[in-house]
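Heads up: the structure comes next, in structure tokens.
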């Protein structure tokens, strides 16, 4: 008999005498476990949640509206701020969509650089989860250990793109080819800096090491297991119905990874596995992400061996005017399916840009999954969904 | 007990071994004010301005997504190169301000500048107690110019 | 993008075309279009819920739901390319996709501006609730059957539907554009590029 | 000696010992915890190693405004921290630092300890209820539930010690651990209780003690990721300092009890009787420090359990185990 059933039974026995009226508990918008400004209005009886209403929008920046007054190059600086821990991975589907509308294709080297940087950001995003999730369960040390290692990765990203979080490195038709700024500096290429491959190899060894450390500190820890196994189980049909994607979907037993099914970036030339689990509980979601870090390390190791020399950007007009058309372009963001529906009316700015952000859909399951859970499990479940509020509110 | 938990709780004690090991090692910390963190050459720290190169073409101010660059200028007549030659007009920069409280460090202005006037510098120590002090004027932007590093060498492959 | 069949050229050989036509025929949809690998199937407003529920048998994954405001009255950004021919309307879009392949279809329903009402998907798709709430507050579209159409992002006392083309973007109106002060005409960047 | 003089001296000495040990514990937690997390921790305060950090923190807290929520029950709210601190200080009155170095040598020392250490929950409940904050209330109630669940294994573990020692006086218990058990090559060997059949009891005592201290992995009453700060949510300034000091003082206090009951108190295997009053406090300090470090160590390694898991652990595992332990010790006592 599980704890939960026991709890139910004992509560039933007690509630005959001790009838307590419910209470409304307002969690957030300023609360340590809401990752920013999520607010949850929970009706609780004791510690058990009987009804929950998530209130979002405290960080609504109106990116869809702002995009309508910005050129495509300017939008690129916005979209990497939607989910700010995976900035580059957000730029990729947007730029791919614009490229599809314009009929340009990025040169091969640019595609590989995109792939490598996307995987960097995947590791970075998952490492952030590895640090924040144990913190939500009360363990403070993984945070420091993991962020320490993530710093090496961010420095690597900064060395290539100039930005740690918001690279703004994708350009229509490739990646940023040169520094810009007049004839002298314009010629100075933004290609990978010297020693990059060696540094990547070293950093990837570090990533393997930190994965082992995470295993020691978190995965094998019995208290973590007690808190996460069989907690917050999302069955596959519910996950599909609510549009959960990425590791959250794969933990429920649906093996669906856009890197395999959509043919974008040269993922088809790389040998990697799609990590999935079948339980759908918090522990499985955690394990899928940990496995994906290891897979990404594998991908990057292969990619730095394959990457060919060549130009960074295809020929594109100086002033970007995108032909009329509508396109839905999506890619596997660290958190799941990230897509853009771009409606162009032939101008310099899109007529409408719909951002299909991952966390928005991932979080929409909250009212269903948090019903009849305990307050401590609320924190465990919410954390395991790995959302970024900027990605929810856009 | 939930599944996957075995009695002597080996995981708990393995974790304690790791924290103890970390405690005995030297902490990988840069002691910041005493010891400066050196950013990579490409780091987007602050934008520096070479005012002499600027021709007040307004491209950067127009392309800026945040509208945080303010430029003013006037035309000035220039002495003709040889006596009797045509009098040229030249644009003189009066004001070039970047409001770093609005800037989102995207680098579009540096990219679009056609005259080698804007550069990225990796400097980062310009936090201010008052938000209005984050508006850097022409002189201040010019001071950053000497901190602009040479671009790094490129990977051979 | 590299290995995708090029759809902007000859569309006859595109397998997506066959897929879309078969799909729309089976669902009894009005028409379909395939551009840039994006399959759009037009659905009658009255058959919206029914069609999507039928389509979920093979495309179970609910990806997103949103709308477009096709309008001549454009306060922000660039308007449509041919304002004269434009039929003012809302398009409600819902994307379903497979969880085994790259297949995915965007279902589109057209709503007139004066009667922007459509059936709600929330009875069968739990995830549609937030998306419908968003479309409701951003465009003012009513979803019949969704009992919880309270604002999702905006404050409770907010007036207006921000994503309508006629809704001004205040941030761009309270501050003058710094690029507006002109000293001289824009130099032709291409000519000047190698000058200095 | 004059009774009053003795009282004043022991009061001042005990107070100094308690406050110093609390501050030192805070410092060790800051510093050791930082290094476990690959950080430096306190660095500037006081010049070297940031040794003055706890003092600086205390000075900062004292300057802060003493806030109380508008709807708080001010009397209870203001009084709660002192109840907690008082119950903690009282623990130290009976802890023997040497054969004669004890503020009050009670015959029922162990009984007094258990009674007084559970008083702190009263203060916590007062704090939780009077704050007029739902998080505080839940935190306070969790603390109460936790205390009820863990007081029992704690008492049962101590009962086994009392049975083995045959006395409730703490001095008596320490002396019972100095009794020569056997001789090896002329050296008289006396072993603390942890090595003579109380290993299970020690485990139960430490688990229950950590639970009573509300520290990770049992810090559900505070649980900052769930309840922001539990019953401490609304406290600031001097009252928060009282809670803070109280927490660390009781950490030292419970470690001192554990050292006395299981680790032989001020005694050491080869320590001659005559030296006990001089070397005793040092030896005792080392033992307490080891236990305090252990508690800090697990705080920086483990996550937090869930309240219902903690309850089920207490009622389904610890209490039966403690009863079993009593039985075992009793049989042991009767047979030998």
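Note that the chains are named A, B, C and D in the order they appear, and that numbering of residues resets to 1 at the start of each chain.
The definition used in the following text is that contacts are C-beta pairs under 8 Å (C-beta built on N, C-alpha and C of every residue); 3 or more make two chains touch, one makes a residue touch a chain.
Computed from a prediction, not measured in an experiment: that's the story for all the values here.
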Intersection of the contact lists for subunit C and subunit D: A, B
What's the farthest chain from subunit B if centres are computed as the mean of the Cα atoms? D
Between A-B and B-C, which chain pair is linked by the larger number of C-beta contacts? A-B
Using the mean of all protein Cα atoms as the middle point, what chain has its own Cα mean nearest that point? A
For subunit A paired with subunit B, centre-to-centre distance based on mean C-alpha positions, whole Å: 26
Centre distance in Å when subunit B and subunit C are each reduced to the mean of their C-alpha atoms: 37
I'd like to verify one number: the distance from the centre of subunit A to the centre of subunit D, where each centre is the average of its C-alpha atoms, in whole angstrom. 44
With chain centres defined as C-alpha means, what is the inter-centre distance between subunit B and subunit D in Å? 52
Where in subunit A do residues touch two or more other chains at once? 3, 141, 145, 148, 182-183, 217, 221, 223, 226
At least two other chains touched by the same residue of subunit B: list those residues. 12, 15, 18-19, 22, 28, 53, 112, 114-116
Sites on subunit D at which at least two other chains make contact: 36-39, 300-302
Provide the full list of chain pairs in touch. A-B, A-C, A-D, B-C, B-D
Per the contact definition, I'd like the list of subunit D residues that touch subunit B in the complex. 32, 34-40, 43, 297-298, 300-302
What part of subunit B is in contact with subunit D in the complex they form? 12, 15-16, 18-20, 22-25, 27-29, 31
Interfacial residue positions of subunit B with respect to subunit A in the complex: 1-6, 9-12, 14-15, 17-19, 22, 28, 39-44, 53, 63, 65, 104-108, 110-120, 151-157
Provide the residue numbers of subunit B that touch subunit C in the complex, in ascending order. 53, 55-59, 61-62, 64, 67-75, 91, 112, 114-116
Can you tell me which positions in subunit C touch subunit B when the two form their complex? 175, 177-179, 181-184, 186-187, 189, 192-193, 196
